[in-house]
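Please find the structures below.
In what comes next, chain A is part of two complexes: it sits with chain B in the first one and with chain C in the second one.
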Partner chain A sequence: MNKARQMGFSYLFLFPSLLLTVVLGIYPLGWAIRYMFYDYKGYGEARFTGLYNFRRLLADTQYWDSVVNTFIYAGGKLIVTIPLCLLLAVILNQKLKGRNLLRAIYFMPTIISSAVMAVVFFIIFNSYNGVLNQYLLKFHIISERIDWLGPKNAMMTTIIIAIWGAVGNYMLLFLAGLQNIPNDVYESASLDGANKRQQFWYLTIPMLGPVLQIVIMLAIINSLKGYETIMVLTEGGPIGKTEVMYLYVYKLFFPTPSSGAVVDQQFGYGSAVGFTTAVIVGIITLVYHVLSNRMNKMQ
Partner chain B sequence: MKTEVIPHVQTNKKPKPLRTGKLGGQLLLWIFLIATALLILFPIVVTLFGSFMSNAEISTGGNILPSVWHIENYAEAWVQANFSRFTWNSLMLSGMTTIGTLIVASMAAYVVERMNFPGKALFVAIQASTMFISIGAVVIRPQYELMIKLHLHTSLWGVILILISGHAYIFFILLSFLKGISRELDEAARIDGCSNAGIFWKIILPLLRPGLGVGALFTFCGAWNEYLRPLVFTMNTPELQTLTVGLSYLRYGASAAVQTHYMLAGACLSILPLLIVYMLANKSFMQMTAGSLKG
Partner chain C sequence: MYKKIGTVVLSSFLAVSLAACGSTNNNSPGTESGASNKPVETDGATTPAKNDKKTKIVYWTGDRHDMDYIKEVVQSFNETNPGNIEVEMVVKTDDYDQAIDLAFASGQAPDLFRVKENTIKTYVTKGYLAPIDGLMTEQMKQQFPVIQDFNQIDGKMYSLPNYGSTLRLVYNKDLFAKAGIAAPPTSLAEMVDAAKKITEVGKADGAYGFAQNFKNADSAFGRSARVIAEVSGYGGFGYDFKTGRFDFAGFKEIIQSFKQMYDDGSTLPGMESLDIDPLRAQFAEGKLGMYISFSSEPGVYKNQFPAKIDWAAAPVPTIDGTVKGASSFLGGQWLALSSSSKNQEAAWKFMEYMYGDEILKTYHEKGFGISMVPSISAVAAKPDINGIEGFLPNDNDATWPLSPAVTIEGIKYNDAFFKYMLGDGDLDAIIQDLNKRYNAALDKAIASGDVTTVAKPDFDPTKLGAN
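And now, the complex of A and B:
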């Protein structure tokens, strides 16, 4: 076949994909990298200010509070989600009546919009007339309404909701990994007299190693990035208690009068914050990657 | 159905039998599994049954099943709370995004898998990097400005184009499906005088159907559940709001307290179509997630 014609055809077929990716995917990144050195509020003149935005960032306690909140949020979510999902996956990898039904139920939250569920969870956790408090009162589990979305509990509530949404997804990823472990390994282990617990620690975990590593990395990135649920549920409030990094970035671009802390529209500064946040996520991912590789080698 | 004579190769390994050692352990295991299932189902059940309750019953509550089934909640949400509009917009947005994504991604996947041309590795690298680099909502601003220049900011087409531009994941899914399609068929068709475009259209696309199905499912759900972009793009054009956006506005509306039943009916309208498809094809949904690990 004519080589030039093949090339021409290839570029023709690649064109729509490339055009969309460059214009709507890469150009916005360039836009952000340019404006993070500018003072630009979205109206009026953009003024070059060099590294000023980054100096401002270092002193921005509201941002660093949101970084701390993100770590609490991600940490709380992962500490429960990862062991719980691993446990569920190990159980549901065994011959068990109704395991397909259980898998389907656990996975259900994954397909539902987090924005929609945030609205539902607001109705459930709402302190004054929320559904949950009504149940707890009715069955005399509590005697006073719990302020689920108040300053003290809001973070815990958002973590609970995040876990609810994530369980099925990571359980399924672990299951996929477990199904790659050959069966005869377990058979010979039990012939050698290894009990269930020993099999889990000395066979399942090491053999699941690479999958475990990837899934945990995915989970870390996802939990650092997620803010949609929080945005609809609490808008980062009350008094900024559930403000996370990417929600703060969002507010710098699309400020809304909210129950959280009020932020002024600032595109230049917002670009700098967005870029810094991406770097923070990148560094955490990298550190995790290096550490888990080192642990692998030690074993 | 015919009985299988030849033992077929099993792709999934057989599950290990669970040793029924201690009865107490078994009981504990089931309590744990069922409790987890109930906790997962709880918000969904509240949504389903709550959508048939009166507003007063939801907020003074304590019931799981509605005492009186208010089917009219749906009629009222549909008309008064404008959910007919939101549903149509969601359908339009998800449908168009799905069609566009499949066309764009399958064309790119075809040439990347079957042709040789300079810059191929670079193209694949760019696609992969767009899946991992995220600077958050920052990108929405330049995207919005672009759409103003193209006069697409007052229709859903701007959002649709942006969602189609995020087709990297579908591209990689289709690429892996294409690798499973034998090249001999293309070669035979080429000898018969079929053009490249003809091969793509007549041979590749029909054989790619399972991949396109998984891709369509994934894209449609993603677009249907998409919140941020429709929210930002419809700030000045409320008639373009999708279900997710319209619903979240109810949450912040001045009359939120008296509209709980509309909110739940609306939430049902949003999650029920996906739940029904999920019940019919939950294996495909799960394949998608598990497949992302290998891809």
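And now, the complex of A and C:
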């Protein structure tokens, strides 16, 4: 009886979130899965086209370019963000004066709206009167303005902004992980003669393992899904150089208004592209999960 | 025991708060729309004292430039109308089209709202609009011009014109004088040359000859290449009305000239990611020789970015210096009634009021937009705003027919042209590929019944005559 009541309670607690998941998660997913096989503009008749949207997707070079761009964007962001966050977390975990203030400063970008961030960074990076170019010229570091948002540099610039935006968040997670490592471990290591570097490699990293594993997984998913800052900063341009997968999907559902021409929404094709993108992100996450688990077991 | 009681109390509390969260979330779209139904820009001005017998109607607009004036008009309607109608005005400047879709999808559509030349036909197809033929008086039918596909769709009227937009070359007279250029360019070759000369004399001070807002290639070419093509006799969106097919060959020399200016270094650095407002800010500061845009620019340089320079607007250049087609006069519609309005009669009363002679005349004279109603433009004084002279319609401004909307597979023409501008490539091959894909999409749209096209061999782009 007690057990049944306990189960009842569990289901009672699960019900609201289950309801929300069904209404806001599963129902839209079912909707998208249905329209993947249709030609549908959001109004009028939805025409069944079978696998046509997927055949179109295979030949859609703009989409596959956006997949490559997403990998460059996510890769560039992760390679810098994860080590940097770990380093900052280790430094700020020590007994430093003003460490709380520093933690707050590093965390601040996380709570700023990504759209506002993008506008501010446009003021910094734009090539004709951007603050960055002005200072670089003033201090004679460069002699010609650098086109930070031009076709050659736009991706690098968006990665820099993404790193800035992500550092505080992951640093905080690492910090939480570090604070769970008991001090006695370090004390006994010191007694055994281990220096700081050895302590970091042989104590901190292994003991942070589970946190590291989760944080990297979250970082991968977030990087592959992120598009908001890019949408405001470059709209995926110039000439698609910063177009990432989810921005491409977004534009199929909500095309940017043009000057005068009638623009149609592509709900059917957008659903097919969105679903494929979700599968790509899912596969990458799964591969990472399996690999990291295997490495854990090997250790 | 205490622990058990504590758990039960805590659980009940959590359950209630979660249920509350759930209900908040479930209601959130409604709440959001409900909130947005409240006037964004009203400070009591448009909502007079409460009276239970009042018929309340909601009016949505995406226009910000005329907001203060329209607020006054709404207030005066609310105070004076004999039918006890109260209008709530909602100004939505961001994502207006999406907000309209959402409002109709959630059954919270406004009673009447602003429609544009690129939305009205789609809204009719989506069933958002109510025809107004039965409501219009004979006098109104005489006064307001019928423009096919822009206010009359499939034989039914859905909106009436108020103001329209012309397209012009906007130029900095100071920089032109400094570069020794006597008059604004009339051909592509002159434009390329002028941009080069301005850059030569201006570069030291950070001033360049030409710029376009390439953050969105559709928006950039949609205001520049489009109108140069039109005045040169080609459809501005690549559609050839004579043959009833797409043919982008008319864009070849235009895009080549844009590329030439880019390669010459005569364009504003960073224009690849430039939005229209930062471009205007640079022009207002005197850092830009010329660009092409709509007749909303005088308002921008009066209010948004007060211009520190002497500037003017001139007809856009043609490909070879000869005018072979009309320059787009966009518009033909302003307000429309919602098909789902429960107070259509009251909404029409307000719409009728908004289209009153005095209101439309003041609208024109204050410089919010150039009147497209002949009876108004005949009597209204010249708009009181610097720079508008060059934008006022002349004999060559007319409304082009609507190009068919098709769903393209692969890169769109504006993006393809921009890509060519920034790099290398065979423009002929690009145009051939565009023609092939756009015509395939057109055939598909015709086959499915979404689009009907008729070739008009005697179509004359110089005789569109909407004025």
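Keep this in mind: the second predicted complex is superposed on the first by the 264 of 299 C-alpha atoms of A that agree within 3 Å, B and C clash if a C-alpha of one lies under 4 Å from a C-alpha of the other, contacts with A are read in each partner's own complex, and residues count from 1 in each chain.
Convention: a residue touches a chain if its C-beta (ideal position, glycine included) is under 8 Å from a C-beta of that chain, and two chains touch if they have at least 3 such contacts.
None of the values given here were measured: they were computed from a predicted structure.
Residue contacts after overlaying the shared chain place A:V167 against chain B, while chain C stays out of touching range.
When the shared chain is aligned, chain B comes close enough to touch A:R103, but chain C does not. With both structures placed on the common chain, the touch criterion links A:I112 to chain B but leaves chain C unconnected.
In the superposition on chain A, contact of A:G237 is made with chain C only, not with chain B.
Once the two complexes are laid over each other on the shared chain, residue contacts for A:I26 go to chain B alone; chain C is not touched. Of the two partner chains placed by the overlay, only chain C lies in contact with A:D60; chain B stays clear of it.
In the superposition on chain A, A:L203 contacts neither chain B nor chain C.
Shared-chain residue A:P16: touches chain B and chain C both. In the superposition on chain A, A:S127 contacts chain C only, with no contact to chain B.
Looking at the superposed arrangement, the partner reaching more residues of chain A, out of chain B and chain C, is B.
Common to the chain B and chain C contact sets on chain A are residues 9, 13, 16-17, 20, 23-24, 42, 122, 129, 254.
On the chain B side of its complex with chain A, the touching residues are 12-19, 29, 33, 36-37, 39-41, 43-44, 46-47, 50, 58-62, 103-105, 107-108, 110-112, 115-118, 123, 126-127, 130, 132-143, 146, 161-162, 164-168, 171, 190, 196-197, 200, 221, 224-225, 227-228, 232, 235, 243-245, 247-248, 250-251, 257, 260, 263-264, 267, 270-271, 274-275, 278-279, 282, 285-286, 289-290, 292-294.
Contacts from chain A toward chain C in the complex involve residues 9, 12-13, 16-17, 19-20, 23-24, 39, 41-44, 47, 56, 59-62, 122, 126-130, 145, 147, 149-151, 154, 233-235, 237-240, 254, 256-264, 266. Across the complex, chain C meets chain A through its residues 11, 14-15, 18-19, 21-22, 25-26, 97-98, 101, 117-119, 121-122, 125-127, 206, 214-219, 222-223, 226, 236-237, 268-270, 272-274, 278, 282, 287, 294, 328, 330, 402-403, 405, 407, 409-411, 414-415, 418-419, 422-423, 448, 450.
Every residue of chain A that touches chain B in the complex is listed here, in rising order: 1, 6-7, 9-11, 13-14, 16-18, 20-21, 23-29, 31-32, 42, 84, 88, 91, 93-96, 99, 102-124, 129, 131, 134-135, 137-138, 164, 167-169, 172-173, 175-177, 179, 182-183, 186, 196, 211, 214-215, 221, 225, 228, 232, 245-246, 249-250, 253-254, 267, 270-271, 274-275, 277-278, 281.
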